[in-house]
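Each in structure tokens, the structures are laid out below.
Shared between the two complexes below is chain A, which pairs with chain B and chain C, respectively.
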Partner chain A sequence: MTTVMEHPASAPGKPAAKQPLIEKLNIFTAFGLGIVMAILFWYLARTFLPENTEGSFIKTRLDAVTIIGMLGWFFGFMTGIGALIGPFRWLLGRDLNHDENMFYAGKDQGVKRYFRYTTDHKVVGIQYLVITIIIFFVGGTLAMLIRMNLGRSGGAWLQPQTYNAIVGTHGIVMIVGTIIMITGPFGNFIMPIMIGARDMAFPRLNALSFWLIVAAIPPMLSSFFFGGISTGWSAYAPLASQAPPGMDGYIMFIVIFAISTMVAGANITTTVVRMRAKGMTWNRTPIFIYGVVASVALALPVFPLFFLSQVMSAMDRALGSTFYDVRGGGSGWLYENLFWIMGHPEVYVILIPAVAALMEMAPVFTRRPLFSFNVAIMGIAGISGLSILVWAHHMYVTGWAPLLNGPFMLTTELISIPTGMLFLVLIGTLWRGRLWMTMPTASIYALLWNFMIGGITGIYLSDVPVDGALHGSMFVTAHFHYTLMGAGLTGALASLVFWFPKMTGRMFDKTASWVAFWLVQIGFNVAFMGMFFVGLAGQPRRVDAYAALFDQGNKITTMAAYTIMAGMLVLLYGVISSWTNGAIAPMNPWHAKTLDWTVPNPVPLENFDVLPVVTSDPYGYGKAQS
Partner chain B sequence: MSVETHAHSNPHHEHPDVVGSRNRLGVILILVADITFALGVLFVYFYLKGQNVNGMWLPPASDTQSATSPVSSSGAWYLAIIAGIGLLSHRYALMGARAKSQSQLVLGSGVAFLLSLLGLIYQGMQINSASFTITMGAYASCYYLIAGLNFMHLAFTVFISLGNWNRSRLGLYQNDHWHVDIVEIWWVWMTVSSLLGAFALSFT
Partner chain C sequence: MSELEVTKRPSIFKRKDVRLTAVLWVIFSILIGYIAGTVQARSMGAAASETMSTTINMMKIFTWVSAPIAGLVAALAATTLLSKLHFGDTPPAEADHEIRNSPRIAAAWIVVSALMCLFAVVWGMVVLQKDDAALLNPQSMNINVVGQQWVWNFDYIDSGKVRSNDLYLPVNKPVVFHVTSNDVIHSFWIVQMGIKIDANPAYVTETSVTPNKIGVFDVRCAELCGLLHAYMQTKVHVVSQADYDTWIQSQGGKI
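The block that comes next holds the complex of A and B.
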């Protein structure tokens, strides 16, 4: 290992200088200490917590022991990776010196920096990319298991409880994967360079937000060994209160992930507000930056409510509080409100950066300015603002506040107006442009098609009477896959191909990108069209078996789902082969005009030798002065 | 995008005011999350109180357990007063930092630390001395949630006020004091959140 830390040379006959603590910590010490602490906490809880008896302050000892064990894991992992060094050094008044900060930035550490608490935003971006791929791999494998079970009527090769656990885990894993798929890899790697900054505003918080996600995953996956997440991703109370201890894994996962989201939201927003290059006025700030900031700024106030809902769920399960238990004065509607106040904006937390990324690419591949930059910003702002006023459309059939159904229907349908603005911007940019047909360009068309179907079916579902008929059916499942996957994931895959040269210094394999694109898009549309039809015919979601009536639609969906998987595997092959053996990428292979393409490959540690001064907008294609 | 590259003067070492301003915004944004969380807790309290599902906000006595009697809100108001005095002490320290008075800085931050510790201990005693358990109805659940949140806030305040006092003592704020400014933002929120908790618990 080469580092910039200078150790005092050892005099002959004297012991070698001690290696500083921060150099010793890495992912292996994190996992090691996490496991030791989990076992220790679990053992202590098991030994000292009172039995489930009348008058005991513990309601369900098993849940309390499970949660305490997971807390042990969490504290052990974060200590082992080095997250606590900074705060305690601050407390002691021994701030990190320049050498230590350079070490944290990963200077001269080669590949080892990817396994440490490294603060360089580019390292964090790559770490996010890898963890996103892993999350999608896990979630995708679970999806294939679901489709395998639904391949024929009667299902039956999975036990109903196992099936439910797989559906619930698939749901929440994919939601988290799609939340981080743009803002994680590209928001971290590309965004600071795009605004002309040397790093994020808070590099250590940046590393913290990533490692929190890593810490959150084992509790989640461990839930399979404790009865799984049998409630679906929404974990409705009081169903969740009665679920097996696997539910505690879900709770811990959400609590840790919510902290990560809050930290990342504050960090990214501060970076953009305070660290844009001189001359980069808001009118000259690229649209992708708006998308990323809107996404994280939207998450900032809504995820704490998700966090709160899960804290109360944990208290109900382990301590016997009655927040959601009607026998003790609680209310299931309380959970549903807290959950959906987060749950609906979260859809736009996923969608907005994906659409913004494609809006960033559209001018590049049409060689035209972005059509109506101001309308794009109004669209993003409109969606963000309205998205926090629509949550109860998920609750029409629950009986909560029927008088509010009408207003919530109205606000939900209003959201189609700013969404339409984003469509207008994309179509206006493509209109009569001289297209450079690449996989990202095709993805813009795919997004328009998929998002149109997802959006229009969303308008149906926002309608109170129609929702009464379709709620809880496969139609709903198909609808949200059209938005989150058809639009969101399409934007993310295009972003991967587009920014891959800057992130890795290699061009993405063109053939692999096209093969993956067509397999995924054809497979996706066939799979979820089939799901719309069986949903309209009445097939319920989250049920492991179905009537013979739905056989044909499900067979088609299952076959098409495997086509998507094949496409994703081709894409994974493309990532690995291009990263290892791909053609060396020039500095600006797409001839784009944003600042991220003005830095060399590989990007230097501090991005810019001298900070740039921006003198025009980023979409001045075809203008003489640009 | 047209770009010119001008070397900024000393680009690798930003002015403390620039760093301070950036850090202040970051802390405020993180506080947005905590404020939402705290407001969510108040929403839970008033929602369940308003619903009074099955008359179990404050359950009457039954064969198996006694009636749940609400705690006096005076304890929560005392805590808010402690937080308020802590804020004033910290403010006194900050004025010392601005006036380059090391003794005032150390004294103010030291007193603020002691008050945060006192608040933490008092909150712990309050939680221990409640006449009901968390299982005894929605009010009891909400009480422990609010008290628990305040306890966590106070624990964090102890950490940062200890660090602030220690750093003051070591003379680390002689050149710039934006850390002290930022700690004050936390103290303000600590005081406001204590007031909100006391306010809520006054409605039983």
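The block that comes next holds the complex of A and C.
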């Protein structure tokens, strides 16, 4: 038996030929093989696919060629990164041995393990953190371009097609970024330690879910060269059927990302259900774990629909089917339904872990127990359950089923009850606590403020007659930025500062965190308040130019948006400078009581020498304990 | 929300932090209600139909009903913020109590939010019912609206073959719009009248309104419909019945 231990990858002078295959594969081979396969598939498709039928209203050849090329990329990339080695070895009856598994876990590989198909959950967590930062950087840059275009009346220094492509790409990039921003980095790095596990239940699936996201990004970005995603992130048919081949990039992106989400959801759910430490009953499981599980478990039933909606879209474009085309008996309303059945729970996929993360921090920074743990769980469960019953409130004015507007208004407004429970828990925890002012503490306040505004404006929009006036206006844009960014991103940034010491072994630069906090929060509130005004006054969404009436609001929003950018750049500087030469972090800098703070820095492979036994919940702050 | 304070022992009101919260609650509620209400009224401008007046009214009342909730959350949060902050690298002493729950407060909170939710739903349903009933009004005039990339066409089907790109409506006369599209999904939106309905290819959707003000108002497309979506807008001219009749005749239609 040839073991990996005899062929350490880093050993100098080893002849390459003797290296086992799994040691040779990394991100570079993946990109190489992906590009080669993409070109090969594209060339073959171009050569062998038949011409479009004369006179038919469906023209499929160009899209078929594009999609086949992108599939080539996908298969090439996943093969090149080594995702197929495990399954193949298993098929051949030679499953990986212990040493090979250790190699997969990234043992003794230093920085190299971050560029490989590594299964250690901590490596995956860091990989997710980096990819999230990259995604936000791309999405944020696009946001700045949007605001630059809208900064003066008439707007329009960008071509309408370019502008629409930027809006659509910003939308989908940010949606994906916010979906993974907490369950990705912190759900992978922190969650297993927090429940006292050595790794995830399915470490290879964990690596798979991450590399699928990397594989998904190039098709999406490539769309800029094929006409762009000019349909907004919702990509309604039949507008999407009209769109240039850039749309195929969107479809591939969603299809691959949905697989990643399903894989991650199954993995995280199984891990939490099966692998909590001895004694960690559900009543002793930290609230952050509930948030992460609710988020990914909610994605499990709904992302397959997202996947399906885009597969059908691809079939319409490339194979001549007519799922969404009225000329062939299809309906655009089918797409809208499939899309929003995913689209609304997805909002809570983003929001719940952000709120739960801040709930986890609230006891730490107020030095008192979490208020009403059971109500917090009821809130999370209530939101998760109701959120799959509300989708058609995005469709009040579509005319799809006017009789259903009433029932959907009911379910939508019911969601304010469990949402209120989350507020009660945070407020109750703050009340009479001794506030330890840090950036995460301030973030709890920012979340309460932003989420309150996002929630109340949501009640306006949930009301059918009011939605008749506000739907499709900038008011809606401002509303969902208040929830996804004002609440969601605030929670993610707080999580970054809070768990940075455990993830990198260094403290996050305090000054940078505070400067970033204030710039982002002030900029955010001014920017989106301005957007509320112009929305109320009647500016539609997704327009590259507007009437003079909206000048002032748009100018304010644009200037404030630059402030957000400044804040995010300060934060990025904080990440880089703290990571490279920040103060060395103690094991438990916040004196918190969850298990993640009981392991040393850097966290050893497999986390715990001896698995912990849990005897109480982690919120035992206060007089009784001291 | 009064349960929160009242159902507790009376002595609670003697506590400094509770008194501070109560005062802040009142101040914040009024401030939030007033500022949010004013901003809305200012931004939305004058209504040009009963539908829009109702909408503006509903938003105003939603704002005033939610103001005490937002005010309470803000007051409770602010009270903590105004007392004994701790800065530094090590944690402060732990809290002098270990309150983990208060079923009464939780129950009060949930009941109150459920009642408010019920209020919003019932009221919404009532208005919705009225809007739906308006569609069946036999006195209404009918206009077919056809969206196409990137113009609106209006067919005055009650007056023969009249088509225009600007919309003309007589004041105080109910009108039902039958809306469809030639290509992709558009959304027919008369801003100052507060009505909106999607224009779907091959389907006809309906909405209705009674303009109650003479003037020129805006029609915009509210659903991204491709390249020139931003420019897919036109005007509504609401005129007196006599002026409307004159206009229809000038277009070759019958009254």
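Operating definition for what follows: the second predicted complex is superposed on the first by the 601 of 626 C-alpha atoms of A that agree within 3 Å, B and C clash if a C-alpha of one lies under 4 Å from a C-alpha of the other, contacts with A are read in each partner's own complex, and residues count from 1 in each chain.
In this text, a contact is a pair of C-beta atoms (placed from the backbone, for glycine too) under 8 Å apart; a residue touches a chain by one contact, two chains touch by 3 or more.
No experiment lies behind these values; they were computed from the predicted model shown.
> Considering only touches as defined above, state whether A:260 meets chain B (first), chain C (second), both or neither.
neither
> Touch check for A:469: first (chain B), second (chain C), both, or neither?
second
> Based on the superposed arrangement, let me know which partner A:610 touches: chain B (first), chain C (second), both, or neither?
first
> Applying the touch criterion given at the start, work out whether A:285 contacts chain B, chain C, both or neither, answering first, second, both or neither.
Neither chain B nor chain C is touched by A:285.
> According to the stated criteria, A:169 is in contact with first (chain B), second (chain C), both, or neither; which is it?
After superposition on chain A, A:169 lies in contact with neither partner.
> Kindly classify A:504 by the partners it touches after superposition: chain B alone (first), chain C alone (second), both, or neither?
In the superposition, A:504 contacts neither chain B nor chain C.
> Does the superposition put A:590 against chain B (first), chain C (second), both, or neither?
second
> A:525 in the overlay: touching chain B, chain C, both, or neither? Say first, second, both or neither.
It touches nothing on chain B or chain C.
> Chain B or chain C: which reaches more residues on chain A?
Greater contact footprint in residues on chain A: C.
> Return first, second, both or neither, reflecting whether A:183 touches chain B, chain C, both chains, or no partner chain.
neither
> Following superposition on chain A, which residues of chain A contact chain B and also contact chain C?
Shared contact residues on chain A (touching chain B in one complex, chain C in the other): 326-327, 620, 625-626.
> Which residues of chain C touch chain A once you look at their complex with the stated criterion?
Contact set of chain C toward chain A: 17, 39-40, 43-45, 51-52, 54-55, 58-59, 62-63, 66, 69-70, 73-74, 76-77, 79-81, 84-102, 105-106, 109-110, 113-114, 116-117, 120-121, 124-125, 127-128, 131-132, 179, 183-185, 187, 189, 191-192, 194-198, 200-203, 205-207, 218, 220-231.
> State the interface residues of chain A toward chain C in the complex, per the touch definition above.
Residue list for chain A touching chain C: 160-161, 164, 230-232, 236, 238-239, 242, 326-327, 332-333, 364, 366-375, 397-399, 402, 405-406, 409-410, 413-414, 416-417, 420-421, 423-424, 427-428, 430-437, 445, 448-449, 452, 456, 459-460, 462-466, 468-469, 471-473, 532-534, 536-538, 540-547, 589-591, 619-626.
> Quick one: in the complex, what on chain B touches chain A?
1-8, 11-12, 21-23, 25-26, 29-30, 32-34, 36-37, 40-41, 44, 47-48, 51-57, 59, 133-142, 144-145, 159, 162-163, 166-167, 169-170, 172
> For chain A, which residues are in contact with chain B within the complex?
Residues 55, 57, 59, 87, 90-93, 95, 198, 201-202, 205, 262-263, 265-267, 269-270, 273-275, 278, 284, 286, 300-305, 307-308, 311-312, 315, 319-323, 326-331, 334, 337-338, 593-595, 598, 606, 608-618, 620, 625-626 of chain A touch chain B in their complex.
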